[in-house]
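Only one structure is covered here, and it is reproduced in the block below.
As written, the chain order gives the labels A, B, C, D, E and F, with residue 1 at the start of each chain.
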Amino acid sequence: MIWQIDLLLLTLVVICGVTTIFLKDLLAATLVFSVYSFLMCLLWAEMGAVDVAFTEATVGAGVSTMLFIATILRTTRRSKD
Amino acid sequence: MNVEPSIWPLAAVLISLLGTVPILLSDRRPNLREAWTVLISLGKFAIIAAMLPAVLEGGGYRFTLAEVLPGVAIALRVDAMGMYFALVASFLWILTSIYSIGYMRALNEHDQTRYYASFAVAMSATIGVAFSANLLTLYLFYEMLSLSTYPLVTHKQDDEARSAGRKYLTYLLGTSVAFTLPAMILIYTLTGTLDFTAGGILAGKADASTVSLLLVLLVFGFAKAAVMPLHGWLPAAMVAPTPVSSFLHGVAVVKVGVFSILRVVFFIFGTGLLADLNLGVVLTTLASITIIVASLVALTQDNLKRRLAYSTIGQLSYMILGAGMLTAAGMTGGLLHLSMHAFGKITLFLCAGAIYIAAHKSNISEMDGLGRRMPVTYGAFFLASLSIIGMPPLGGFLSKWSLVIGAIDGGQLLLVAVVLVSSLLNAAYFFPIVYRGFFARAAEGNGREEVREAPVLCLIPLSITALFCLGLFLWPSLALQLIQLVVSP
Amino acid sequence: MKRIALISTLFAGALLIWGTRDFPSWGDPNAPASRHVSPTYIERTVEETHIPNAVTSVLGDYRGYDTMFETVVIFCAGIVVISVLRRPDA
Amino acid sequence: MKTDHSLPQDRPIGPSLIIEVGVRIMIPFIQLFGLYVIAHGHYSPGGGFQGGVVLGASFILMAIAFDLKTSLRFFSLRANAVMASSGVFIYTGTGVLCALVGGMFLDYSALDAILTLGPVEWRSMGVFIVELGVGLAVTAIMASLFWDLSSGGDMDKGL
Amino acid sequence: MSPTNLHMYALAAPLIGAFAVMVVGRYSRRAVAPLVLGVLSFSFAAALTVFLQVLSGGGFRYVVGNWLAPYGIELSVDHLGSLMQLLVSGVALTASVSAVKSVAKDLEDRQHLFFTLYLILIAGLHGLVLTADAFNVYVLLEIASITAYGLIALGKGRAVVSSFNYVIMGSTGACFYLLGIGYLYILTGTLNMADLARIIPTLESGAALATAFSFCIVGLWIKMAFFPLHVWLPNAYSDMPDGAAVLVAPLMTKVTIYLMIRFMFSIFSPAYEFIQHAGVQQIVVGVAAVGIVCASAMALAQKNLRRMLTYLIVAEVGYMVGGVWLANAQGMTGAILHIVNDALMTLCLFLAVSAIAYHEGALDFHRLRGLYRRMPVTMAAFTVGALSMIGVPPTCGFFSKWYLILGGIEAGQWLYVGALIFSSLVNAVLFFRVIEIAYFRMPDADAPGTGHGAVQVREAPAMMLQPLVVAAAALIGVGLATGPLVQHVIRVALPGGF
Amino acid sequence: MDAILSEIIAKYNYWIYVVLMMIGFYAMIGKNNLVKKLLGMNIFQTAIILMFISSGVKKGGLIPVLDKQAALEHGVNSALINNPVPHVLMLTAIVVSVSVTGVALALMQRIYRRYGTLEENEILEKMDR
């Protein structure tokens, strides 16, 4: 594997993570989290963990995000922190 | 010296515990219920008396229920000391039961079934303490006694009774958990056993400071003995009905406290060890202070039962004093005083109850002239107070005499003074009561003329106990025989 | 509250980073994790289970007990969500 | 950031032909893919869980593109509960069965006693059976999770 | 002895029962109770048989799927494990008898969901006490936790908030544990406890090992609500439906403590914890002592019976954690004995609470007035439970406290000994306050002395009283059987060379 | 300098995961919004997964799906294949994480229905009242 790509992905992951935490709009935060999951999935695929990457793609970036969005749409998008 | 395994000790303990079942079942039928109570008390006394011959021959019985800790079982053992205490307690229980019937009916008290049931449980616990083979079993029954007497103390169920009950449990449970339990565990770590062994188990296993720590912990841990400053529960508990007070003072609770202290002094520490380490002085000092202070406080009390309560506090410490002298005569005196005081004090309480039933008076200042209306009661009261003061020809004389001899034997002349001074104080707080009863003129128009003697069910027990005060002076041989077995086995 | 959170986070992070000191280098084929148990799975999976995907064979067979409970976990989640949210009549 | 707080069902969103047709075409393929993932877990990445999630996602997609009622027509709540339970039961039951026929718990090779395939082949077979169970359970639970969360539990209107 | 599958059946029965309840319960409410009780009775009988077999023939290790350790997942059916399995199944059976009744009242239309979760939780606990695989512990902990979240959320009022807090705290704990396991895996390459125990002494004890150990332990501490990580517990446990509380309160914390013992002595060794890091031991025992005191003090401040009991659970956790970290045989014996005893005591008290709540609803102290007259049997059993909590012989609470104090003295941990005695005193105050209210205060204006029959006796249904009486009897029975229990089971089971 | 560099090369993966874990952990206990807490929990979980997966990597390793025929005939060189065990473990962990997420989201909806907010301090205020 190529460590430059690895590092780039890792940096992006950290950026996405921080953004998720500090976005005030929960819907946006959830979508950023979905991106985060997807980057993670890439990272793992690149590390040779295809099964985990597959699962993360379906669960983390897919279903989990849908569940978050469903809840946020039924409750509120606002967050004070 | 053969100690046989036998079911009898268990039967002696359990009979009244199981007796609660028919008592509870005959809730709606007072006659049947009280018949059960008396029957059980008689049965209990019979069982205990049946074990007496073997004990007098130097043997005994034992019963092991379950070994709960390595080397420590829940076990019962009948020996001379336990037998001595059990005999006194179970005999007096019969009388207290009979008296209770009269008292409770006369005052038409509520919740009598609960009363009799708790009474029976408490009696089981008392005999359990007497027959315990080790400290753990003793602790078990000691706690059982504290808990089962709680409904008795709080029988009135008003605010005063509640606060008294709270005080009662706080003192008794608090000290037993905070002092006795750690002491017990410490002894177990030091010796690996808790069995009561003649001559003690601690010798050579602990240094002087540990032993003295244990001694202090245990003397205060058995707060039922009401050694000052842990005596506060006793006057408070006087809110209970009078039969309960007499039960507390005469038959069970306080005696259990003293008995427990004597048990550990003789059978855990061993008098030899205490003498070697010169620790008897701890006991005698605590006891002397309690005796004098309690007697002084008693002088200031106007409520008859409270005065008797403080008197009890003082008298209890005589027994500890006797043990602390560490001489044969002193120990004899202490043990002897256990029964002498039991008979004396129970008479006094029964009399106080009889006065309350007959005249509804509980303060001494209001009892002027009552003696002439209630000669039997006051006569018994007079005899009993003489016994407690220590006048011949009454039982109390024997024990106090023995104590004085013991003090002289041990060369502790200060203790002689303590005994004598306190006897004078005893006289000072008892004689005015009798004097007022017979000689003082009551104020006019307070209905003194209508006052009659209490019901006959009350009078019989108190006459019997009063006569026993006399009888024990004349025929103390059984008691002395048993005590002899304890003091010099 | 936030301060406590920050302090405990930093503490936990520092502890974890300190802990990585003894770790084998990343991607080291001689790391204990790569040498002790796992080679056996890789070498024997086809022979013992006829499953060439080592992940599936470990998941379904060697560590099937874990996977059984994993399925139970997700089943539980479904039941919990139903019992928390769903109206009884639906 | 300015946000719109009204719930989506208050907003008029007309049915979009493109989405509806697209989804209608896609769903069978997604489900086929899900089944493939479950079945082919032995030879390629995937397995019961991943396949189950894909299958579940097909119902989620249905619920989003049409509405919740439509997806419930294809997959009733009762069938869902039975499927979830039976999925996990298949796994557990296989384990117990292995124990009952004389092996250890979850020792698939013991099933050879029922039908002779050879212990190793039975291991492969056993893994397939349990993966199937996992797939069933996960499909059902994923769909049910989404239904409940998107409708607040009343199974009335979706998002 | 030769391995049998009985312990697996004991585990699988509630699990399969759960699926059956889920399916059947939709159609017939009446079938739920017999199904649950049947399954749990079977499980109990199986666990009892296994326990007796282990007693006579010794423990064994069981390999799931017939893959030899460390390749497959191993279970250890030894003295300790089968004792715990017996405890779990016994408590579960007793609790479920009562739960069947109270749930039928509280959650009429969600019974089948409740009992599905309930049975899975029991299965999870069975799994937890048997497993000898570090990662398996994580999965099973999550099963137990997720079902517990659900059971809590079925409560009334703010139960959902309590449950959510529990979710966050519980997940933190689980993540910490998983982190620790990850570190261990990176260092050793195995997850089997025995294998880990074999490899760890060969590693040089350094930063990674210490981190792994501390994260796992802290994770478990969060899960067991060890002071000061206990904040989630009182709310969660007091807002649960009664039917759930009688199961969760006695077992969850206790099983987690058992896991801590397994972790500390089956993976690591006393040499690692107590000799190489002796300072830590001092700190933990100290924190345990402080925790006991604080939790007892907080229990004093409560005005609701159930909340008071939840704080006592926190205090009892301090007892056991402290006992384990005393690092001597007496303390360990005390801790293991207290796991058994505390489970039974908590069971008895919570069953009593649930029986009281059946008619009375909320359990604020002022509503307990006159309870001795209305519910004499319940209150008698409650009193037995209270005495055991205080530590009055011959109830079992006394004996475990005895061993713990013995251990404390042996280790010279006077602070801990003092805390134990202090908490006994506080328990006495706490329970006698309750008993006094229930005994003296009249609920209505009927004057004392009106005699019998003034207050109607209104006990909970027999289905709730019977388990309560059984539990109270068990307290005394186990107390009297302490000697054999310690000698034949716990002494044999003492892990790690004590 | 070289030593430090090689240390960085060898460990940076682990450090990044610690950073992610800290983000997640902070959000879990420090954030006020319940959704944020939950997102934090998911980040925490993925961080752990990252750590596990990293531990299974071998330099130049292949994915752990073998060729059946080749394996039966020639055997397998395990040094060339990534460690499958962490993958298996993490599949389980992902399932657990999505389960917990589902449960927590359901609870959140109920909380919102009851208190009308998802901020923890506001919920606590309303609870006291």
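The rule is short, and it goes like this: a contact is a pair of C-beta atoms (placed from the backbone, for glycine too) under 8 Å apart; a residue touches a chain by one contact, two chains touch by 3 or more.
Computed from a prediction, not measured in an experiment: that's the story for all the values here.
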| item | value |
| --- | --- |
| If a chain touches subunit D and subunit F alike, it appears here | A, C, E |
| Most central chain, judged by mean C-alpha position against the global CA mean | E |
| Centre distance in Å when subunit B and subunit D are each reduced to the mean of their C-alpha atoms | 78 |
| Between subunit D and subunit E, centroid-to-centroid distance (C-alpha), Å | 35 |
| Distance from the mean Cα position of subunit F to that of subunit C, given in whole angstrom | 9 |
| Euclidean distance of C-alpha centroids - subunit A vs subunit B, Å | 78 |
| Junction residues of subunit E, two or more chains touched | 15, 22, 64-65, 135, 139, 142, 146, 149-150, 153, 160, 179, 185-186 |
| Residue list for subunit A, restricted to those that touch at least two other chains | 50-51, 55, 59, 63, 67, 70-71, 74, 76 |
| In subunit F, residues with contacts to at least two other chains | 9, 12-13, 19, 21, 25-26, 29, 54-57, 61, 63-65, 68, 85-87, 89, 91-92, 95-96, 98-100, 102-103, 105-110 |
| Interfacial residue positions of subunit F with respect to subunit E in the complex | 21, 25, 28-29, 34, 37, 41, 44-45, 48, 51-52, 55, 85-86, 89, 92-93, 96, 99-100, 103-104, 106-108, 110-111, 114-115, 123, 127 |
| Touching residues on subunit E, where the partner in the complex is subunit B | 387, 390-394, 399, 402, 405-406, 409-410, 417, 421, 424-425, 428-429, 432, 436, 439-440, 448-452, 479-484, 486-487 |
| Complex contacts: residues of subunit D adjacent to subunit E | 78, 81-82, 84-86, 88-89, 92-93, 95-96, 99-100, 103-110 |
| Subunit F contact footprint on subunit A (complex, rising order) | 1, 3, 6-7, 10, 13-14, 17-18, 20-21, 26, 29-30, 33, 36-37, 40, 43-44, 47-52, 55-56, 59-60, 63-64, 67-68, 70-72, 74-76, 79-81 |
| Contact set on subunit A toward subunit D in their complex | 24-25, 27-28, 50-51, 53-55, 58-59, 62-63, 66-67, 69-71, 73-74, 76-78 |
